[in-house]
Amino acid sequence: MTATMVEENRASVAPRLAQQVARVALWGATALTVGILVFIIVFVMRRGLGAISWSFLTDAPQRSGAEGGIFPTIVSTLYVTLAAVLVATPLGLGAAIYLAEYTTEGRLSGIIRRGTESLAGIPSIIFGLFGFAFFVTALGMGWSILSGGLTLGIMILPTVIRTSEEALRAVPREYRHVAQSLGASKWDAIRSVVLPVAAPGVVTGIVLGIGRAISETAAVIFTAGVALATPTSPFDSARTMSVHFYTLTMEGISDEQAYGTAAVLVVTILVINVTAYTLMRRFTRSLR
Amino acid sequence: MRDRLIERILLLAATSAVAMLALITVFIFREGLPVIFDQGPLSFVTGLTWAPSLGQYGVLPMIAGSALVTAGALVVGLPLGLACAITLAEMAAPRARAVLKPTIELLAGVPSVVYGFIGMEVLVPFIRNAPLLGGPGYSALAASVILAVMVLPTIISISIDAIEAVPRSFREGSYALGATQWQTITGVVLPAARSGIVAAVILGMGRAVGETMAVIMVAGNSVQLPHSLLDPVRTLTANIALEMGYASGAHAQALFATGIVLFVVSLCLNEIAGRVRGRSRVSVVVAADAPADAEARAELLGDSGMRPSRMEPSL
Amino acid sequence: MTVQPGPDRIVATGVSVRYGDRVALQRTDLTVDAGTVHGIIGPAGSGKTSFLRTLNLMSVELDGAQADGSICIGADEILSDERVRRDPASLSQLRRRVGIVFATPQPLPRSIYENVVYGPRIAGISDRTTLDAIVERALRAAHMWDEVSDRLSLMATRLSGGQQQRLCLARTLATNPRVVLLDEPCSGLDPISTARIEETLRTLKSQITFVLVTNSIYQAERVADQTSFFLMGERIETAATVDLFARPTRPETRDYLDGRFG
């Protein structure tokens, strides 16, 4: 919009003026984008923070969530996310180590890389469909923490692979040579030298994956289910915070409770993202 | 012996993503294909009627809905995202950038249900009551605007990568000829970064097409071919999510069939973006091959030949 | 800890090293007597580093080089014997037997102590007293003990460049090698650290065979018993260091010593 205006002006007006206009327009767009983020956070917090209290976090919901707290959904979110991390971390880290350390760029790594990118591009609702068809129905796990966690684990796998691979590649090659020159086998070198150095980067990937898992709704609603009780086994159906929030809003159960849940969600996500960012920064700095 | 075993295990892990992709493909197609063949592939894709109770499954309205909201999202999101990318990559001081970039990336972390909620609470009433707009508020327009914000992080971060990959010598050449910064950006930098930016747009499209919850919450979800942006629409994703809870038998299969359409579209967009982006990487690497650009190239290739002696003690 | 096993003699016969199409070293023969310091000099690209890194197969395993010919370390053939190349265990053994110090100091991002015990730990030594003894012996041998004995937990990366390089030498000595390869170990170091490293070579050569690639003909003169001159992937000549510098037999050597190759 503004860009085209500026474009037209360019022929008739002196380039310096165009430069000034473009500058203002570009910074304006950036300010608008940041403004949107601030608006989202303020909008949720303004009404949401008031709804949050100790009992909101620790009580069970009453009347389908119209009253009471959200304790079971917090527990469910933790369990489902934990299951997802337990699936994605070994697979993702293993894949990253293989890609970064054991293979030269060739056909095999090309296939693996493209598969990973494709997996990352699949809409979450497809993961939901798949999880429902495979884990819930075909494997007979039902709507459960296990089904939801496995589905989410596959969904965040590409994030973990990509971030971990980048972290491993950032470790100076010389470290591997030093280790191997001292009698370490390739795996010894990776295990004892490369992984400890890359650890903060790898953890960043996992933390980002946790963030995605917590905010996800479409993929968990059909796999973990919507039961509002506190789950006691991996085979129990569980309603995560996101799903709970969605239900509260769409069923028009309670605005107050919805805002409160949204605030908890947003604060959690903010903390997770800031953590990931701080870790990543420390990691890149340590290698500079 | 142990090393060989470990390598095998790691290879196994490395193939997991591909294996999962295959598994997903198999299951979605196995569940969805029967309905598509029952209806005839053409009438499934071009059918206007979605009437599960009558056993009629045509997804054209949903395809149109997805296309419309995606196009709308790009019309709003692309200029905004590109402007942000240019500002951050070309204009912002390193310090401002160090704050702004992660801040904008936070937009990607906001749960889609929260976007949908804000759309319901703010955008929908606004559209309903605004002069010149009106209608029910729950509309393709509302979905487009929300999606535009949601695709911003994708467009911005990939465009920034593309812009930064343009060798410094290109800019210096332009400045040497007396061009202003804006002339340099429009005349040299953006054309050189073009394929990366195209990839950003396509990946943004992929995100918009695939988004589910936020769209359900604001799009109105009626099955009809939309005549204006103010009409309610139902997208492919919404179709699945709305009916999955109670569908069974052929109806459930029809939802998987909807999933096949979505799945194929997403994979195609991803593949195109990958190719466009791959090409841009190669062309820039070649362009940067001049010795003067060794630094830019090292950065581009992620050269990690840093001296470890400057490691901070924190590790 | 095992008893010092004694230095190995190195016999290289017809060794060629290639990186893809580029030939770095062609059909080179060289014998290094046990318990000596053997200097290798030559301009950049003369193949001296490729030769050095082939003596413990690092060029083959890590740099993607193909190497042919025969290299005997002591009584064991390491190059033409495929089993050594393919088997991680025998590679580990080889690396412990033939240590290397790189051109730039490469401390691992951990403490001084942990750097020195890295090799022994990988070899399976975990007893704390044994490790303590190894650290002291290795650091003393590298003339570093007095400087750092009271701060062994300091990050190695915070040492000065010269200290880092001596630490790397100590780390190599800690695995009880019979041969130590040094790849321009003193380029860019302060004179004191250089002197200490050279001192270490002179002291330990009764127990360890040293092969020293160096850019400095003065360094070769100071520490090497014998010196070889490499040029464009070939060994031009080898002689007792005093003789090589006083009476080079080949014109290329003379040109190099006169400073005609930079």
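A, B and C are the chain letters, set down in written order, and residue numbers restart from 1 in every chain.
Criterion: a residue touches a chain if its C-beta (ideal position, glycine included) is under 8 Å from a C-beta of that chain, and two chains touch if they have at least 3 such contacts.
What you see is a predicted model; the values in this text were computed from it and never measured.
Look at the CA centroids: the one farthest from the centroid of subunit B belongs to C. When every chain is represented by the mean of its C-alpha atoms, the one lying closest to the mean of all protein C-alpha atoms is A. Averaged C-alpha coordinates give centres for subunit A and subunit B that are 15 Å from one another.
One inter-chain figure worth recording: subunit A and subunit C are separated by 48 Å, centre to centre, where each centre is the mean of the chain's CA atoms.
Rounded to a whole number, the gap between the C-alpha centres of subunit B and subunit C is 53 angstrom. In subunit A, 174-175, 185-187, 197, 286 are the positions where the chain touches two or more neighbouring chains simultaneously.
For subunit C, the set of residues that touch two or more other chains comprises 88, 104, 106, 108-109. Annotation for subunit B: residues touching 2 or more other chains are 2-3, 308, 310-312, 315. The part of subunit A that touches subunit B in the complex is made up of residues 1-3, 6-7, 10, 15-16, 18-19, 22-23, 25-30, 32-34, 36-37, 40, 43-44, 90-95, 97-99, 102-103, 111-112, 114-130, 132-134, 138, 154, 157-158, 161, 166, 169-175, 185-187, 196-197, 211, 214-218, 221-222, 242, 245-246, 249-250, 258, 262, 265-266, 269-270, 272-273, 277, 282, 285-288.
Interface residues of subunit A, counted against subunit C in their complex, comprise 174-188, 192-193, 197, 286.
Of all residues in subunit C, only 56, 58, 61-62, 88-89, 91-93, 95-96, 99-100, 102, 104, 106, 108-109, 118-119, 122-123, 168, 171-172, 175 touch subunit A in the complex they form. Chain contact summary for the complex, subunit B toward subunit A: residues 2-3, 6-7, 9-18, 20-21, 23-24, 27-28, 30-31, 79-84, 86-88, 91-92, 100, 102-107, 109-118, 120-122, 149, 152, 156, 179-183, 185-186, 203, 206, 209-213, 216-217, 237, 240-241, 244-245, 255-256, 259, 262-263, 266-267, 269-271, 273-274, 302, 304-306, 308, 310-312, 314-315.
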